[in-house]
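Chain naming follows the written order as A, B and C, and within any one chain the residues start at number 1.
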Amino acid sequence: MSGTFLGMPSFQAAAKEALGNAQQRRNLEHATRTIRGKRAQVVAELDDWEGLRRTAAAIKDNVLTHLDSYLLQLEESLTRAGATVHWASDAEEANRIITGLVRATGTDEVVKVKSMATQEIGLNEALEEAGIRAWETDLAELIVQLGHDRPSHILVPAVHRNRAEIREIFLREMGQVGAPPPAVLTSDPRELAEAARVHLREKFLRARVAVSGANFAVADTGTLVVVESEGNGRMCLTLPETLISVVGIEKVVPRLEDLEVFLQLLPRSSTGERMNPYTSTWTGVTPGDGPQDVHVVLLDNGRTDALADSVGRQALRCIRCSACLNVCPVYQRVGGHAYGSVYPGPIGAILNPQLRGTTSEVDQSLPYASSLCGACGDVCPVGIEIPDLIVHLRTRVVDEHRGGVPSGEQLAMKGAAWLFADHRRWEKAQKGAELGGRVLGGKDTIGRLPGPLAAWSDARDAPTPPAETFRTWWKREKGGRR
Amino acid sequence: MSSRAAILGRVSAALAGADRVPPPRQEYGAPAAVPDVVGLFVERVEDYRAVVEQVAPQELAAAVARALGGTDRVVVPPGLEGAWLSALDGAEVLVDDGDLSPDDLDRCGAVVTAAAVGIATTGTIVLDHRPDQGRRALSLVPDLHVCVVRESQLVGDVPESVTLLRAAVDAGRPSTWISGPSATSDIELERVEGVHGPRTLHVLLVRDGDGLQSPA
Amino acid sequence: MTSLPGSGLRVALFATCFNDTMWPETPRAVVTVLERLGVSVDFPLEQTCCGQMFTNTGYAREALPLVERFADVFEEYDAVVAPSGSCVGSVRHQHAGVARGCGRPALADRATAAAGKVYELSELLIDVLGVTDVGATFPHRVTYHPTCHSLRMLRVADKPLRLLREVRGIELVDLPEAEECCGFGGTFAMKNSDTSVAMGADKAQHVRETRAEVLVAGDNSCLAHIGGLLTRQRSGTRVMHLAEVLASTERDFAAANELGGPPYAAGARDGREATA
């Protein structure tokens, strides 16, 4: 089960199970509340946050609507700087390219920088099948990997685990794959982090190949950027001889100077810091400094499908900050696993159905995993109108199901639309409700509500209908007026 | 058809008929209105629980020696100003010749480097890995990073620093942006300083004035 | 009487289908408040529904005729008021998009024009009529829940609170985590009922922490969701639409005391629940 999300139940079913996990709900509640507060504080420090967001959105929209030329420019810049560029249409092709590159070095292990793209393509599993061990070096990713678990948050993949659970995982698993934790280990986060430092250091020092993603890829210089906190990224990007970076094609920014916008937005939105501890930039190969064998795999894997949707396209602005997860009341209660993807939360609800298509049960259910409260759209640093996109994708799911034998919902919606299309029909339907309210009284009259009102009230203890609609009252009291 | 051609073809097809959005009219590198750049830089670096000391140029060598404390082996980049180490007493100093292995670096307790830029608003030090800062591994593997920043290198906010970075990138050099010691909040969002990078960052902010030559 | 803030103004009331059918006391209260302020209120009988539940469930094609009907019915008015942040949000934020998505650009333009004249109640009172004191009396401990679409789609900000602060006798208390969604979310409440109830339970808990007698909001569907949970918890807190609080006057309370029953605005709803 580790690392894969195939055959996921629909969001609704998975959510129901997750809601029953009291420990996880406490962990999530604490974590999201903490990070929300930090974000709000550092965002408020900037004079023109809204202006920065608008600029970022405009830069990304410029990139996306000129992606063909920017990709060619990026390729040229990278090649000029001594990097080798590979193109991968899908996960399978990317994994094949990377496996081949690792094999060519003669090594059988790689160290990995936390990277959403490599999780998305299931790289670790593909490498494992090829007999190559991939060591996750981000602390949270290490916790997930050692726990044979799945990530549940973009920034803090082990957010669903608390310190006691992490200690247990370290004691049980660490020694089997490298330097063991100290015999006496408490659940103090400092001790746990120290155990990870010791465990991973021997891996960093001996590693010959590293695999990373990139937060940004600068077209005009060929510079790649990794934004991180722990220094595991710097270790991977610096010490090995070979570096393979998997970069989604939407990660391009046109000019180096564009980074000034994103380096202000990303840390504040992501960890709630003015700046993250470490940001690394590298431009191909620098003689005498860092990896001398540098590869970049440009990954499509569904991104061009999203690009083809003129409305849905803006989801590709995403810089993977996870601010939308932290403010989402649904995510906060259900956690990340129910989304059946490495991209959970509101961004996952709009990204997964676009990258993977809407053929699976879970991808069809994701656009409905939202109360449309709008908190996600408000915090998105690149101005993705997440609620609008959710509605857009619901429409896509509904439209894809048209034409067959109509479902109950389709019939109810069609019937209601027919009622509302003429106010006289609607009034007649209301009369039925009035009658129900007057004669029957109690709560079992709910089912007698007209049209979609009936469907809504099925799930609730809705109040019973009143004895008289507003319309009836108006006609009686004010009828002469119009 | 190659995947390159296939992807580019899909991109072109996806954008057929799309409104092409022009780049925003953005004033790059606009200076931030920060009244007290030095004061803000100090406050913001301290906020990350890094050590910051303001020193006069003539006090720098002594401050470096103090910051290194009882470290017995120190690595320095080849272009580091020699005078900065003149007050060291007893510590072994390795000058990186490019051949030190990761394991060699791991046996060094500290590193002393210069910096390229300091950003006040975010409390960030930018290394562009010129000879006085050395290759990236130097300031990464040892547990203590003593970093010398001159007041004249401070800028108000991120945009100014990105502008300055272009020269380094054009020269093919990497850059490392450092905001406090390495840290993680991966366990219950509780911040722990010191994971894989240096657990201690000691910034020596040198007042502008005579007596400090830039080696670059 | 020419000095009344609404004198000479003719405003169409969009009651919304839910209120019209389920909570008639709310549009009635809107009529009471507006007429008290001198506004001439019209209720065009051809109105039905804004189409939000279709649009938000993915049935844009089914919503299209309703978008057209809305423009037909309301475009002749200078101003339209609706006692629902959510429905106003749909008109203002979704109607043109539905028309455009269905290949009807001319209708999209009409929808945009019509939407420009539609106000949520607190917007009409403060932005159009320029009043915060509507002459209401409501001697109760009240807490206010800013519903998501009022807050984040319409950006009504503190307008409802400014109106409530001017109500005589009211004791207004802050709701903890006020800006968090109650979990209703239209068809979300059906399709993800477990999550919806989990969110609603937390909201109800925060309401109880305020020890308020009345929870007020600008959307009856959110209130019904929270109210259902509050009732189940036997909290003793009742829910009431903003319009009904603003419609309440000293006379209502005097009359209610004489009769020994609950005052006018609360009476209709409480009386109904008693039959359940």
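In this section, a residue touches a chain if its C-beta (ideal position, glycine included) is under 8 Å from a C-beta of that chain, and two chains touch if they have at least 3 such contacts.
Just so you know, these numbers come straight off a predicted model, no measurement behind them.
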| item | value |
| --- | --- |
| Chain contact graph, described as a line, ring, star, complete graph or other shape | line |
| From subunit B, the most remote chain by mean C-alpha position | C |
| Rounded Å distance, subunit A centre to subunit C centre (Cα mean) | 34 |
| Centroid distance [mean C-alpha coordinates] between subunit C and subunit B, Å | 55 |
| Residues on subunit B engaged by subunit A in the complex (per definition of touch) | 2-4, 6-8, 10-15, 18-24, 26, 28-29, 44, 47-48, 98, 102-103, 106, 119, 121-124, 129, 135-137, 140-141, 157-159, 161-163, 165-166, 169-170, 172-190, 192, 194-198 |
| Subunit A residues touching subunit B - in the complex, by the definition given at the top | 27, 30-31, 34-35, 54-55, 58-59, 61-62, 64-68, 71-72, 81, 87-89, 93, 137-140, 143, 156, 158-159, 162-163, 166, 189-190, 192-193, 196-197, 200-201, 204-205, 221, 223, 229-232, 234-235, 237-239, 249, 254-261, 263-264, 267, 271, 273-284, 286, 288-290, 298, 300, 304-305, 307-308, 310 |
| Subunit C residues within the subunit A interface of the complex | 15, 17-25, 27-28, 31, 42-49, 51, 53-63, 65-66, 69, 94, 97, 101, 148-149, 151-153, 179-181, 183-196, 198-199, 221, 224-225, 227-228, 231-232, 268-269, 272-273, 275-276 |
| Subunit C-facing residues of subunit A, complex | 11-12, 15-16, 19, 311, 329-330, 333-334, 367-375, 377-378, 388, 391, 394-399, 409, 413-414, 416-417, 419-423, 426, 430, 433, 437, 441-443, 449-450, 452-453, 455-456, 458-466, 468-471, 473-475, 478, 481-482 |
